[in-house]
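Working notes for the structure below.
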Amino acid sequence: MTKLLELRNVSKTFPGVKALQEVNLDLNAGEVLGLCGENGAGKSTLMKVLTGIYTPDEGAEIWLQGQQVEVRDVNHARELGLSIIHQELNMVPDLTVAQNLYLGRKGSHRGGLVNDAKLNKDAGDLFDRLGMNINPRSYIRDLSVARQQMVEIARALSYDSRILVMDEPTAALTLAETDALFGMIRDFITPQTGLIYISHRMPEIEEITDRVSVLRDGRYIGTVVTKDVEMREIISMMVGREVSGDARPRTKVESDEVALRVENLSTKKLLGDINFEVRKGEVLGFAGLMGAGRTEVARCVFGADPRQSGDIYVHGRKINVRGAADAVRAGIGYLSEDRKQYGILLDQDIKANTVMAAMRDFNIGGFVLDGKIRTVGAEFSEKLRVKTPSVNQLLGKLSGGNQQKVVIAKWLVRNCDVLIFDEPTRGIDVGAKEEIYGLIEQLSKQGKAIVVISSELPEVLRVSHRIAVMAHGHITGFLNNEDATQENIMELATVGKAQLKGTAA
Amino acid sequence: TSTPATSPAPTTDKPSEAPASSPAATPETSAPATEGGDVPKGDGTQTIYLVSKGFQHRFWQAVKEGAEQAGKEYNYKIQFVGPDDETKVTQQLDQLKTALDSKPAAIGFAALDTGAAADVLSQIEAAKIPMIAFDSGVDSDLPLTTVQTDNFAAAQEAAKHMAELVGNKGTVGLVCHDQTSQTGKQRCEGFQDWMKTNAPDIKVLAPQYAGEVGLAANTAKAMIQANPDIVGVYGSNEAAATGAVQGTIESGKEGITVVGFDSGKTQLDAIRNGQMAGAITQAPVKMGYETVVSAIKAIDGQELPKVTDSGFAWYDKNNIDDPEIAANLYE
Amino acid sequence: MGGFLRSSLQQVFVFAALIAIYIFFMIFAPNFAQPNIALDIIQQSAYIGVMALGATFVIATGGIDLSSGTGMTLVAVMAGIFMAGDWLNLPTGLGIPLVIAFGAFMGLLNGLNISVLGLPPFIATLAMMMVARGLSLIISGASSITIANPQYKFIASGQIIPGVANAILIFAVLAVVAWVLLNKTLLGRYALAIGSNEEATRLSGVNVKLWKTLVYVTAGIFVAFGAILYSGRFGFVQPAEGVGFELNVIAAVVIGGTSLAGGRANIVGTVVGALIMETLKKGLQMMGIAQEWQLVVTGIVVLIAVFVDILRRKRATAV
Amino acid sequence: MGGFLRSSLQQVFVFAALIAIYIFFMIFAPNFAQPNIALDIIQQSAYIGVMALGATFVIATGGIDLSSGTGMTLVAVMAGIFMAGDWLNLPTGLGIPLVIAFGAFMGLLNGLNISVLGLPPFIATLAMMMVARGLSLIISGASSITIANPQYKFIASGQIIPGVANAILIFAVLAVVAWVLLNKTLLGRYALAIGSNEEATRLSGVNVKLWKTLVYVTAGIFVAFGAILYSGRFGFVQPAEGVGFELNVIAAVVIGGTSLAGGRANIVGTVVGALIMETLKKGLQMMGIAQEWQLVVTGIVVLIAVFVDILRRKRATAV
């Protein structure tokens, strides 16, 4: 039987980085192939080579159904039946959902004239077919990352391609949407098609893939049949060592001192009557479905968004937060869920990004201490295992997961008393995830108050001492870790709007 | 400051070989305009609108002063506008149109380009608003008189003095303030023309254009550096002349004769201390004054001569403080 | 055209500023409150306005066009060459298409320099600005050119509708054309997409180089129309003119609410922006304000108008 | 200063263009190959160059400053008011700080309009450009001002080092200051961060409004130095000048490799950019090229220089 797709001997060199070295990969018709590897292993690069975005080094071969092809560019890839959902969102923020869906698409116009009414209708039909609830007329810039990701998925699925690549499609999604996505993937797979699925979430790999190929440091390690192996084995192929993780936090909250207290927070748009407190050394998890308002809570507390009412206390002292600068001064740090837009300076280097929130410690009388910046940058890159040739690398040239590590480093360097992590392990590999959990534990031991917002329930359960669950802009309940299970969290997260009103009344 | 109405016209040392095209600007033709008490006073409600060729340079401010003096004297409101620089023809025409829209009693107009103005001029004619041309001619029958300096002749005068000063031989460079406007061209061409016909041993370099002091200085300096045999530099307005002096000084070469145009403190200082040999001055205050007086007469329905010369004069260290010269110099 | 109206209403903010300024002058500037003054304002803003329509597309892509001012003059000089009779004496039916083609060609050069050679738009169009200025002077021999051809002058200054100069009609028609181009065609869609996220647009399979080039060609065509309105009004071209017009053009676009960062653009706003500038000029002059004070007042009013626009826009999205 | 050298070497590309242009003129322009010509070029580019140093910071934040040209004139007029003796006759020791404070004040107004009122930099500085122009004319009564004060003139045109005008020294010193500010201080660091991603910078707890304002203040101070060099060269100010200089200033920055999109900036490049423009002007003039052709040639050479720069930069990162 000929393979649906074969990649042979693919190498790709960037200045100073050998991202891929003689990698082979094959995909059978009718299967979902998992692609695993640590951050910076070369997964995204390999897929970009496949879809014509990068030109590989000399000697690489791509075979489609027994025929060798040379993928010239994105359009050519699409003509060949290859399409991809990139790890980074690739949406045009100033256009609407429907306009984005059909951007650059054959048949999206008639003689150069575009008919937005028709685009909206087609998009609406597509969303209905996929069971998504998205308004085609919304501007992309107004959507949360998760919703943008859903639009990306819808777009990729609408191409009728033979081979679909999904590069971490669920990084921004919660359990419910992930389930929906898996439904769509199963619908997509026919005896003529195949799908390459990249994820750092091992349960997903276990659930959806038929086989798994593993990359490490730009090299091909091997391929296994999913149901024949334990996830542990795949992980050790990826990282080259055993990673063992606990399911629940190892620490206990020692102190009774409340570090952060939020009272009666509400916003015009969504939030109503949010009250919570975090003690010194405590990790408070926030769980909820997409759009429940967790990010909005964090942004309001941090001063990034205006709030309608509500008081914020740090160490019992009421603080006047009008902007992020006020919050940071008061000792609150916020790691955003959308790193590209709010987290990083793409055209600055690692060390500059690492110290960006803590420049007060890196200057004397306005003069920047470059030596110290380099040392600290290097120290944290090493600590968080950022894969890079040097701390002088621009952030834009790092793999997604490594960018995320730099953002975390930024807040660690700032050394805040209260840290809000919004999806801290988005796009981070299993090994590194465990390291980050370890870090959070360490920080809580140091007496920091930490809020962790996560869409992965296992993650929430793994790190939080206490869990706040949100639905429709309200906190529907708090659970102590000992009492929490995925089931009772989901129960609170799916409280209906009507019920909410009922309890409020 | 003296009142132009009482000060005599500057002496016009007019070369005999002036082309026929330039109207004879003898003191006699201009004399009647300033004479007599037959200028009726207004009631203070009517406006005389002057659309000049600029407003940012001291020269135009002096014209404006003269106009306002006459306005005050004869009880007329004066509105004075002009484009940002002498290339902005469209801007000037828009201003002329707006002047017309404001329904003034009379309009004074210094056309940057007559051809372009034809339309608005005919609208002015249709509105039966009397019009006086000033500074440069308006090539049409409409203006009842033209109050002007003969720039071509003035530039010839500058050339004549330059030739004398450099001993009728050597290389001379031109820094002209503008390449396309009527005035700019005449002030360059008059100079070149005189040299060509009267000083065959003087080599005149191709003119360079610079309307700003800094640029003019750089230009003059580059000219001197590229042509070590240069003996004289001519600058065709205040900025060009001031720049020419500065460029000469900075070049470090001794003995270069600089001849300028217009006045201004730096230029006057340069003439007094010998850095500049001399310059041509026009009579801007008088020009403004005469324009308004002519306009008032036109409102009154009086006959006006075709041309009212506001004159020009050569001045140097020796006559700079003569009262009839000093009246036309500004700092 | 419901979309047109809706989008216009969203733009009511800058429009409000225009109205406020206009009413102010009706009260305080003598002789201002006449319909022909309003028509004058539109006519006089037409050539800048038309060029600003084209520049809106360039700015939508996040680019900039510094060559519109002197480029317009060069096109006008070429119109003189084609139709003034001193060099050629082409009938307008042939001359006008040639003039427009010439504008498109200049835009093409800008577009190729930017999208193929990868030059920053600022540099590419700055170079074009200098080259166009030089060529205008060279070709015209630094003399102004009179295009006496009555047919040519009729295009801009004739009156198909009595009392309304054709320039006004052309401005109106081109504004509608530009609106349709921006909102209803691939050109506008891709221009906005490129300005919003060029990389994502490329990855969507759009031939970014091609469309960017077309945007500059479009701008060049609008510059050519501007040149026709400008030179046709008086049948006259002054080859040194045009320097600095590019800033007026860009100002009209930006005052109209189009962001220089790209991605968002507003044709109605551009038209209003051009009108605001011209209304201020006319009104202040008719009020008899000294010209140097006109500059100061214009600067401050533009600041306030844009500030109010921003405020109201913010409030509108906050509700 | 190792970093300085390294960064200079990375800039060797534009620098190569400058050298190539210079050698060309040494061969083809009569009398060009003299050291004093080189000094002239540096002196004549000093005022634009100094303003471009300040503009580099503004552009690093992704902003733009259109007010540098007429703003410079206004500052120079104020220098006249303070020190020319017609109004005030302050000693230079007092007058110069006042002049610099005035430049800083203009920058402050720009900065506040942009960061507090949220106006687009293009609009805020365009308004300032108009206001400054009007005020220059009003304050000076539209007359040129002579600052005969020999001490004042000595600042720019004196020669502490014989044969080398002070303007050159000042330019050099300010270039070093700007380099240090950009590369070694918070101001530069934050300017680049803001230009790179303003929102992310804000969310890092940086007081973006404050630092943006300071960037414009810095630019204003450099404009004031430009004004001192400009007016001190002749001891003379013409209040109508300066229009259009802002484009030369921005061009120097952009030719030097600083991106108008913000986030990257290069001081050495800015200096080289200013020198390239002036070398072209001087060389073409000394070659005796007609002025209209000078424009055309300058446009094309700038295109080529920047293109070669881009090419070599690409190649350098590709290796």
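The first chain written gets the first letter, and so on, giving A, B, C and D; residue counts start at 1 in each chain.
Following the convention adopted for this analysis, a residue touches a chain if its C-beta (ideal position, glycine included) is under 8 Å from a C-beta of that chain, and two chains touch if they have at least 3 such contacts.
Here's who's who by UniProt: A = D-xylose ABC transporter ATP-binding protein; C, D = Ribose ABC transporter permease.
Everything quoted here is computed from the prediction, not taken from an experiment.
A.B. asks: Give the fewest steps needed to get from subunit A to subunit B, where each step moves from one chain to a chain it touches.
C.D. replies: 2
A.B. asks: With contacts defined as at the top, give the pair, A-C or B-D, that has more of them.
C.D. replies: B-D
A.B. asks: Take the average of all CA coordinates in subunit A, do the same for subunit D, and state the distance between these two points in whole angstrom.
C.D. replies: Measuring from centre to centre gives 44 Å for this pair.
A.B. asks: So what's the Cα centroid distance for subunit B and subunit D, whole Å?
C.D. replies: 35
A.B. asks: Return the distance between the CA-based centres of subunit C and subunit D, expressed in whole Å.
C.D. replies: 29
A.B. asks: Provide the list of subunit D residues touching at least two other chains, using ranges where the numbers run on.
C.D. replies: Within subunit D, residues 137, 142, 243, 291-292 contact more than one other chain.
A.B. asks: Enumerate the residues of subunit B that touch no fewer than two other chains.
C.D. replies: Residues 55-56, 84, 179 of subunit B each touch two or more of the other chains.
A.B. asks: Tell me, which residues of subunit A touch at least two other chains?
C.D. replies: Not one residue of subunit A touches more than one other chain, so the list is empty.
A.B. asks: Pick one for the touching-chains graph, please: line, ring, star, complete, other.
C.D. replies: other
A.B. asks: Under the stated touch criterion, can you name all the chain pairs that qualify?
C.D. replies: Contact pairs between chains: A-C, A-D, B-C, B-D, C-D.
A.B. asks: Can you list the residues on subunit D that touch subunit A in the complex?
C.D. replies: 3, 184-190, 192-193, 196-197, 199-208, 263-264, 317-319
A.B. asks: Write out the stretch or stretches of subunit D touching subunit C in their complex.
C.D. replies: 62, 64, 66, 113, 117-120, 122-124, 126-131, 133-135, 137-138, 142, 243-244, 247, 250-251, 254-255, 259-261, 291-300, 302-303, 306-307, 310
A.B. asks: Which residues of subunit D touch subunit B once you look at their complex with the stated criterion?
C.D. replies: Subunit D reaches subunit B through residues 29-32, 34, 36-37, 40, 44, 47, 137, 141-146, 148, 157, 230, 233-236, 238-241, 243, 281-282, 285-288, 290-292.
A.B. asks: Looking at the complex, which residues from subunit A come into contact with subunit C?
C.D. replies: Answer in residue numbers: 53, 74-75, 78, 86, 89-95, 99-100, 103-105, 109, 112-116, 268.
A.B. asks: Tell me, which parts of subunit B touch subunit D in their complex?
C.D. replies: My answer: residues 55-58, 60-61, 84-85, 179, 205-206, 208-209, 212-214, 217-219, 221-223, 225-226, 228, 238-239, 242-243, 246, 250, 252, 264-266, 269, 330-331.
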